[in-house]
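To keep things simple, chains are lettered A, B, C and D as they appear, and every chain counts its residues starting from 1.
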Amino acid sequence: MKAAQVIRPKKPLEVRTVKTPVPKERQVLVEIESAGVCHSDIHVWEGGYEGSKGEIMKVEERGVKFPLTLGHEIAGTVESMGGGVKNIKKGERVIVYPWIGDGVCPACRVGDEHICDNPRSLGIFRNGGYAEMVLVPDEKYLVKIHDLDANVVSSLACSGLTAYTAVKNANPSPKQNMIIIGAGGLGLMAIQLARALFNPNITVIDIEDQRIRQAKKLGADHGINSISVDAVKQIKDLTNNLGADCILDFVNSPKTVEPALNMLRKRGKLVLVGLFGGSVDLNLPLLPLRSQTIIGSYTGRLADLPDLVDLVKRKAINPVISKTFKLSQAHDALVQLKAGKIIGRAIINPKKK
Amino acid sequence: MKAAQVIRPKKPLEVRTVKTPVPKERQVLVEIESAGVCHSDIHVWEGGYEGSKGEIMKVEERGVKFPLTLGHEIAGTVESMGGGVKNIKKGERVIVYPWIGDGVCPACRVGDEHICDNPRSLGIFRNGGYAEMVLVPDEKYLVKIHDLDANVVSSLACSGLTAYTAVKNANPSPKQNMIIIGAGGLGLMAIQLARALFNPNITVIDIEDQRIRQAKKLGADHGINSISVDAVKQIKDLTNNLGADCILDFVNSPKTVEPALNMLRKRGKLVLVGLFGGSVDLNLPLLPLRSQTIIGSYTGRLADLPDLVDLVKRKAINPVISKTFKLSQAHDALVQLKAGKIIGRAIINPKKK
Amino acid sequence: MKAAQVIRPKKPLEVRTVKTPVPKERQVLVEIESAGVCHSDIHVWEGGYEGSKGEIMKVEERGVKFPLTLGHEIAGTVESMGGGVKNIKKGERVIVYPWIGDGVCPACRVGDEHICDNPRSLGIFRNGGYAEMVLVPDEKYLVKIHDLDANVVSSLACSGLTAYTAVKNANPSPKQNMIIIGAGGLGLMAIQLARALFNPNITVIDIEDQRIRQAKKLGADHGINSISVDAVKQIKDLTNNLGADCILDFVNSPKTVEPALNMLRKRGKLVLVGLFGGSVDLNLPLLPLRSQTIIGSYTGRLADLPDLVDLVKRKAINPVISKTFKLSQAHDALVQLKAGKIIGRAIINPKKK
Amino acid sequence: MKAAQVIRPKKPLEVRTVKTPVPKERQVLVEIESAGVCHSDIHVWEGGYEGSKGEIMKVEERGVKFPLTLGHEIAGTVESMGGGVKNIKKGERVIVYPWIGDGVCPACRVGDEHICDNPRSLGIFRNGGYAEMVLVPDEKYLVKIHDLDANVVSSLACSGLTAYTAVKNANPSPKQNMIIIGAGGLGLMAIQLARALFNPNITVIDIEDQRIRQAKKLGADHGINSISVDAVKQIKDLTNNLGADCILDFVNSPKTVEPALNMLRKRGKLVLVGLFGGSVDLNLPLLPLRSQTIIGSYTGRLADLPDLVDLVKRKAINPVISKTFKLSQAHDALVQLKAGKIIGRAIINPKKK
């Protein structure tokens, strides 16, 4: 089968012919219809994240091995399976949960495999979805999607789960003010989920008017372009000078976290999601004096994926697809995402010729 | 009546004769037996907290007015009351909840008056317990102590509640590793509460062997003197290189928070309680990548005070009293506390001649 | 001022001229624009609830005293106030929280005054809203409604809070199946709140097609008329034979609870809200074997009322008003409600001539 | 290998020679040191539970098949394993989590396999621990016990987890009153866990003075023999006429649940654990009027087993062992348990000759 692989960090992805895996026991082979292209794919392809001092935190030190087939937002059709599979059949259409753990750490034992002590995620530690097929290590990681559009649901496995976990970590009540920083794929999904499941007062902050307009169309009550106005002042004005009850930062750079800390209410929660990099100077006594909490939020758990699929089915949320690519264009998709040219989600369709 | 007051920041406290308040409606006048001397009294007396850049965050800008009678850890006997009081009688012995709110903010509405948007706390925004009498604005702020020792229970109102809230914020399961940084009055209380109510594996870190010995006597499993050994390495060794599940920092200075972040487990919680001051450089992508949470924790709610009184009554916890002072020695008590000469709690006994 | 009072149980309400209260301290006098007519007003007027054996649980034994001005769903305008009031002004429009507690019991201490050990609720233990004015014992019980329609918001204080608490007790995830039994004022509000804040799959069960149609218009996915079909079988069919994840019973009679227990999923929650009366035979080993929970749910807390007002303001929910009455028609309103002629809410407008 | 099996319900267990299983993939074969004898073994051996009308709810209708090797409280030594096992070695001593689920239902996805929709538990749906060896379907179900006494820890897998879940469902605060009904193996464990992890005021109710004495030795504050005194009256006296905050009923028969409902406080929780059988007449309006909750509680989750092992290791709890039996005496052990002759736990030691 064909797979678009990172051979070495920062080098163009190569489409190679690799051996098609043969599933055994509870394993399932899925023929891929859609594979989302995620910001974290860029970090893996570049070989690392920028740390607090501008140094690079190398993914190879965290256990990533090249060559690697990227792609952890995968939807497709069951092609074959091992003898221990009982709940799924060939031909059923599925989305794949990619955040696979070791099964024995404390997090895995309560179903939080995405924050396992020894992660084995697809598209990061094992081959993923920029390919014609993917081997899923257990039928339990599959959620049926019936006749839903694979392009639409595929991003639920990462951007959907990440936004869902972030919104649940913020847990706003209806009267509270929630700020969403960054109206990219994650931010737009978070706005829709917050609207569908918590219904707070939502303000989006971004640096591009076009994204802000889309955010308001999808449910934001207010939009602030932080280039043209002083966002901290605007939020203070909007909140009777108290600040926001919760802030979801989908960028998470010094340029966003510093103002976020200044617009956070007493008792407020700051949820950090993005992996842009960098550091801020944290005023220590202010946190207890103001009873504030800072929460690092990372993707989401398997049990939440059926919720997201059901919400799409009932049109309560609608993941934004911006552009589709052939497998041979995988590198191009990454490059366009990095250049900020994608609103919503880029999708690779490996069966498209 | 007599009261030991701060006339101006940093000037010695003066014992003055002031007008005895007359309670009306639901107000209660309490004759004070014991008033605890708390670290935050030092901050108010000094006029401010040190911020992230060494600048002073003045308490007068937060609403404190001088002259002020310090003291928010108050136990005594009901002396008189207004006509609307129904549940308490003259002569009953009580501890006073000092963290009084405005009653109408979102926090007050769920009983979290200690983190009210417009606090009116006794000993900070209103006259407190370094005096012969204190006026309590509503009978609801009183918890009966029957025949318990006022010296022992008085500190429950601040150091007890603060430790209780911090431990509940950490919420460890029995198999988890909890680190307590700082074995002063707060840390020793936290160790006892963690042992009595959660029973995790507890390690205390301090810089004085004497405090560490006392911590172990009160329930810590392990003690680390961070001057003589590398605490981060010790914790890593103790936790199979994973780090601690939760850390309660009762100092909260750069010298404690920096190592704390390095000994925190993936999915771990760092609870910041102390008000020592300063700042740290916070690595932004690490928080989501490691799903960690930083929680600012401040005193505690009224509903938790009866729990603490009951635990003392059943000897499940035992607040450590180190020394008692006369009202005329109030300034001396503050000075000794600041100099680090108090293990456990200093107490002022205004009736002692 | 004029007030429609119950003089003796079951006798027609009388409109009497009573003394206008004078507010002092933190008390507030509110001129009433709208007072909702609630099912529990019928129980108070009749003098009791039917217990498990058909016996009457008399409200006078629970502390109700006649003559009594009914009415606990009150919206109006601030008329005057005591000297201790700081956060509200004459002329401001408000909704009144009626579930007033003693302020000192464990429930009151965490803001759950509605389930106080010694309740003093307006319209039940103190005079309520079937009158030109009502005395509110503390400014904290008022929530500002600005220019919202008093007829629309008044029912939030009881039917709104009751539905909100019930839905939060069920706490469904989006993929779960929630059953609402009874599409009266409470049921219709619960459907809207469940849709706005949790977004599960909602099925309504009632015995009148008209109510079911309205329920579907307001957000129910499915409707079952339990007279014409076997509701248990329908729910089993709908849920792959597993049963419903949560059931909210706004009737709570043997005729609804017996089938509810038969359509409840393993791990399911049955939330009992209605006060119709009667008893069921509860199979004891089934509850642990199926890990099921039965939750008694009663009105709601003060802190949740601003949420509901905000949701109405943003049109996320829309309380259904069926009919308005003059103060002189108060008895007629009760009679029509009892006869099942009201869909949504009947409202008394005391200022209407 | 040898196994003590139920051939047909109610017939004496037979010790038979059966084929020793061969583990593959992630399966592990454990040589059994200790197997606890549990009350629910009696129900399986008898072929059913008594329902609400005295009818029998047959275990065969729930999927149990005979012949069956009973025993779900298993501790022993790893004998061999399949090729996919990575975290455990031959010779390591372990306790086995027996509540195995299908891995794909909503409960399994959050680590609650004990309440799976399609349970496959050892000793109930698959062969269990009354044998020389047991086949464990995945290494993840093993928790290391190092050099702990197998007789002491084996009961943690059922009676320990059941008591732990029940106590957590009650979730008492320190000042609350908790009632434990039934001081058998489960009740005694619950008392110790409540004391070690929540520290409420604990009252035990039983019908034998000897059990009550042991309960008080293990941490109960008060003991009531409900044959000699009126337990409801005693609890009312003890609680200022308010009733108990939470009640754990480890019998769960009409004779215990009826008084339990009468001694439950407003806002109280009644946790039903026992499988004695029968039914009660449930007064429907009382539940919402008193905001009470009835919780069915069944065994416990895998993630909690390491907590219990750790608590035993630190001597914070101490499971009570009353008597050990050889494998050939398995039937005798069941009979003695049924006759009420066992205080604490009976244990089978298959290696004992």
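To be clear about the criterion, a residue touches a chain if its C-beta (ideal position, glycine included) is under 8 Å from a C-beta of that chain, and two chains touch if they have at least 3 such contacts.
The shown structure was predicted, so the numbers you read here are calculated from the model rather than taken from an experiment.
Common neighbours of chain A and chain D, by the contact definition above: B, C. The interface holding more C-beta pairs in contact, when A-C is weighed against C-D, is C-D. Chain C and chain D have Cα centroids lying 41 Å from one another.
The multi-chain contact residues of chain B, meaning those touching 2 or more other chains, are 106, 306.
Interface of chain B with chain A (complex): residues 49-52, 57, 106-107, 112, 115, 117, 242, 252-254, 257, 266-267, 272-298. Residue ranges of chain D in contact with chain A, taken from their complex: 25, 86-87, 102-104, 106, 108-111, 138-140, 301-303, 306.
Listed in rising order, the residues of chain B touching chain D in the complex are 173-175, 196-199, 201, 221, 304, 306-311, 314, 316.
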